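Take a look at these structures.
There are two complexes below, and they share chain A, which is joined by chain B in the first and by chain C in the second.
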Partner chain A sequence: MSKMFFSWNQRSVLLLVALVAGMSLGCSPPVVEFRPAAGYKLAREAELEVQLGAKQEENIATILDSLFGTPDKPHVPQVAEVDMGQLMNQTAIEMAAGAVAVDEDGRPHGLYRQHCAHCHGITGDGMGPTAEFLNPYPRDYRMGKFKFKSTTTNARPTDDDLHRLLKHGVPGTAMPSFRVLPQGQKDSLVQYVIYLSMRGELERLLIGELLGAGELGIEGPEEVLLTLADKNTAEFQERSAWVQEKMTSIASSWLQAQSEEVPPPPENWGSAESRQLGRDLFYGTRGGCVKCHGNIALGDGDNTFDLKTPLVDDWTKENWPKKLGEAGLLEREAVGILAERPLRPRNLRQGVYRGGRRPVDIYWRIRYGISGTPMPAAKELKSDEIWYLLDYVRSLPYESISQPHEQLRNLKRERL
Partner chain B sequence: MGRFWSLLFLLVPILGAGLFVVAALPNSAPLYDHWFPEDVSRDGFIIDNLFNFILYLTGVIFIATGFLLFWFLWKYDAAKNTEPVKFIHGSHTLEIIWSILPAVTLLFIAIYQMDAWAAAKMRRPVISAGADGVEGTSDDQLKPPLVEITGRQFEWRLRYAGADQKIGTPDDVHGVNELHIPVDEDIVVTLKGEDVLHSFFLPNLRLKQDIVPGMKQFIWFRATRTGAYDIVCAELCGWGHYKMRGRLVIESREDFDRWLQAERDEQNRVQYSPSETDE
Partner chain C sequence: MFRGKKIASWISLLLIVGCLPGCQRKVVDAWPSNSDAARQIRDVVEPGEGSQATAGLAKEPTGFATLRGVVQFNRKPNVPVGPLASGNDAKLCSPDDSALENTFLQVGPNNGLRNVAIWLTKPRRIPEDPKWIHKEYQATRDALLTGKDAFDQKKCVFVSPMFAMRSTQTVEILNSDSMLHNTKIEGDPSGGAAGANSGISGGGKVLYEPAGYSNQPFKVSCSIHGWMQSWMLVRPNPFFAVSDLNGGFEIAQLPAGIDMEFRVSHEGKFFGADVEATVNGEPLTIKSGRLKLSGIEPNDEIELKFVLDAKNYE
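So, the complex of A and B:
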């Protein structure tokens, strides 16, 4: 015992060194980068039977960085013929992006990382660290598809739609309400979501193009899209014009998003008669709701038991193509693609409405469907019919069988 | 070293008591106003008094114990005492004293707080005392809850009773995270949980209630001042615990009614034309 390796004094010095080393190592911020769209890349590669070259991948990252910047230093992309100021401004984007901090004027920064990134991911790919524990998975913005909105099926949501989502959350999912955040902070988050979505959409187009599936006729994995070395060639001009053109079309789709009008309900709406008409549609072939939502609207229709064609959303469909060998499975696992999960159609007896419970919200939902999911737009139905249908749907949570606990309590009382 | 250690131990009661003094003094650095938040409730002072009573009691004992420890360390420092150590078997009387004193103190606290407990947990406000005219009997007509609050990961979902004063009917008004209540009225709230343990905490009303999924509980309070205050979750409920921040808006009855009506109208919105903006 008398021959200890270190004396007590040496030990305390060692301890101190270890402590200081641990603190300084632990505090160095990790490098934050946008993550490449691995799922889409794998899907297109399998489809086109070509591989994206390493140089090409690098090229995509360079082009995206030059247009959008990095997570720590983002900038509003310059887009020809589009006033980007209508969609986003640099101050707001900077407020949302970057590391969580407060500046000299007391303004917060890094709001996206504080509130959103742990689910939606730094890139907006819905692959944040907490994503895998959630059902449904958090939204991946990169397809430009958003579920709950007031616009037509394939259109982008309006600013108001995104604001409403932030304010009310998405009930029944892990998306909470950010109601008490000041308006300016919500503004900046909405703009940053649009920014991430635009970036993601362009990335997908670039991947498709470099795989040779596009208009520019890229040949083989060695050829890149744009390099500054060729700056003065005609090809460079043509290709950068192509990128600009795509950016213009992406930005325009956001700018053009506009809420669809909701016509007033028919006069007998809200009556027993209207609910009966809605019920007929629900069970009828024209409405066809029962196929997914089920015979008693519990969300367990026949389609949910069809094992050959499970109900999945577009994100799952893309990440998990049908005939996927073991290699494909491992490839997807390696890049962190979230496990495949079938969708559950809504249980309409719970009275929980993800996209909002106002009659107009449910009208939009039935009229235009839910983008990216098997919930179709009711193209065949007249507006009055949609009103009847939503009247019936809205009455379901208050039917006695929807509240078994209350029923049980009443029965007990009767017995007494 | 020797007496250095006894001086170090002397710092414990001094710094410990000093910390509380600095925190309680107005505008004192570095713990600026780190004392209780503003109390805007009728009954909050009862909780504050209980807290203060226990703080003073334990504070006195803490300081006394600290000084006693210091005194023993100082007096019986090995370097200064050359006499051999004496062993004693113990003192029966002393043992009885230090068993009975804390027992009596604890018993006192237990009895002293019973009324506050009953007021917070048992005496729910009544509309009328019923046929027998005596409050606290089984025929009391209890005040119905104004709103049902459901804690879920990670937000507070609200359901206001409609005109029928019942929650769970089609005329409920739904909300999230922003709780409005009228001032100077007894408010009864139903608390429920959807997933895990939460704790509904209104710091400015000195009100905190754990939420257990599957349990339906009632809390009641009366706010005495209008304004906007915090709602927080006081039970670590998961990775998004910090997101469960809400706003409590206390306003006059008229303002409250107007607000509730506006929410109800918005919830029943049946028309939308693209020219208007909404949120």
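So, the complex of A and C:
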């Protein structure tokens, strides 16, 4: 008996605890719901000095439910003046949504929960269970902003941009490549990301409107946007029309996303002269890259050490506004907002480019900037200049200063 | 030996109990949704046979009137006007050593407040019709705002701390400094005013085409010089104004004979109940920056006055 790890009494206690644990978890799957944009709500409430009422929160959830359905039963919204079929279809959305399963015909379901939700969250808020352990944080789709794309600064990404991210992942981050997924499954995931993004964009507009910041003139936390009891009033019709207008505007912005044409590089591109011209732009006032990327391009420019106004992206700026008091901190902690992190400009000597290492990828980064970050679009530079600049940037990892191990080896050889 | 096992068993027990609450961080609860109402709202909001959604129509105007006003403090606010920045940046931005002063809270000799924006919010949709928009405004509808009308930055401050334009217009974003600025325009998704983020070299310029409008002023900043901040308002009609150093503003050729609502804000904050407002000498209620005007006859000259309590700005 003395050799047994637990006595019978202890075993009984352990069994009891295991039973209680099992019962507390229950046998039914947990209810999966879309979570509200708590960070945006808190930011707007503080800015406008009003609070969103409980009825208004329910109204927002109901309107979103009406147009987009739930995580288990998604609905592709029908939008005036827009052929939604060009953006997404119900079958593909259902393949990505819901619990992980295979149907009678062998088709997979729940792809998003299987591959994406643990980082990007069920709602696409970038707050999945693993998010807080990742650096950078996973993308929150709900602003409609995506960093690595071929479109102008403010435009949505194209389908191809999202497919490229899915296929190659984001180097230097936790976003892996999903190259091995069949094309149909990748299509389904891309459509679902657009679906979640559109839902989030509308949610933000509804929150702003109900807080009285918008154009319908909502007054106070008791007033809701759409009440079925008022269905036949002119006000209800105007407000329904407003929701339609906003949906049309959101869907159109996705449909209009187009890659901008990239002119071919100049003839001397790839030469020492080209890199020197690029270097002049990097350090000069026309390019001005040195301001953030630093004197030796380690991503340690003067701006990165400005403690008063640290570089942050738009997501952080919204979640962690300046001069946040203790109450504000506690409010954010209570709703699980991820901790504030300053942004670091890319260390260009590592040769790791998050948006891709092809010349055209870097061309897009310089020409259109990186949406949602301080990285600006180089609108003033001519296309040849951008080619020179990217030539210099791509040469940085191969300079001897970027490869200290190689330098050490050379030193040893010289000594010998 | 036995004692050690006993301790291990109790640690195991504690571990099991500890795992019960889990280690997941706090998350926000979902907002409750009314699924029955959601189904019915879908029938109304989505286009189709059952859809009833149509934009509301307003009454037709009967002529044009003028709205004038002034924004003043009840006394001169005691606000320290110190330099916005110091160190190397400040020296570069202001080589003649003049301080980079806060340009936003600009109070005139009569205690008037500059940079207050006022704009028409209702009727929401103003038709492109001469009955609504006076022909005087037609000439500038698609104008390129350049020269003194452009949006400029000089000595590392924005020349126009509150800039207003029409959504159909295009504006030149100038950089009158010798160094690079990175002009980040937030935009307003609620009305479709586009965001932008452009590096502009010394003496350079880029164009900003808003494409949509904004429902309230949005921020413009420079990512390189963190203290630089300004506001921009983009409206789908010409009925807006920004107060001058005497606090004065004017909106001419305003459609008369219709019910109107305006909004007023300063530095992103809407005027609230603490602001004393009068229209032609009569008290007027302001809530969340909204003020309603009705009964305006053609050729009327409406006088608005806002009196701000200086202590709220100190």
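Keep in mind that, in the parts below, the second predicted complex is superposed on the first by the 390 of 416 C-alpha atoms of A that agree within 3 Å, B and C clash if a C-alpha of one lies under 4 Å from a C-alpha of the other, contacts with A are read in each partner's own complex, and residues count from 1 in each chain.
Methods note: contacts are C-beta pairs under 8 Å (C-beta built on N, C-alpha and C of every residue); 3 or more make two chains touch, one makes a residue touch a chain.
Please read these numbers as outputs of a predicted model, since none were measured by experiment.
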item	value
Touched partner set for A:30, first chain B, second chain C, both or neither	neither
Touching partner for A:213 - first (chain B), second (chain C), both, neither	second
Which superposed partner A:174 touches (first chain B, second chain C, both, neither)	first
First (chain B), second (chain C), both or neither touched by A:406	first
First (chain B), second (chain C), both or neither touched by A:154	second
Touching partner for A:182 - first (chain B), second (chain C), both, neither	neither
Partner chain(s) touched by A:333 [first = chain B, second = chain C, both, neither]	second
Contacts of A:380 with chain B and chain C, given as first, second, both or neither	second
First, second, both or neither for A:132, with chain B first and chain C second	second
Sites on chain A touched by chain B in the complex	115, 118, 130, 150, 160, 163-164, 167-169, 171, 174, 176-177, 179-180, 258-265, 269, 357-360, 394-395, 398, 403, 406
Interfacial residue positions of chain C with respect to chain A in the complex	2, 5, 8-9, 12-13, 16-17, 19-20, 24-35, 37-42, 44-48, 51-56, 88, 121-122, 124, 178-180, 182-184, 187, 189-192, 194-202, 204, 206, 212, 215-216, 223-224, 226-227, 261, 268-270, 272, 287-288, 290
Complex contacts: residues of chain A adjacent to chain C	2, 5-6, 10, 13-14, 17-18, 20-21, 24, 33-36, 38, 47-50, 57-58, 60-67, 70, 75, 77-80, 127, 129, 132, 144, 153-154, 201, 204-205, 208-209, 212-217, 219, 226, 228, 231, 234-238, 240-241, 243-247, 249, 285-288, 291-292, 302-303, 306, 308-309, 311, 333-336, 369, 371, 374-380
Chain B residues touching chain A - in the complex, by the definition given at the top	153-155, 157, 168-170, 174, 176-178, 239-240, 243-247, 266-274, 277-279
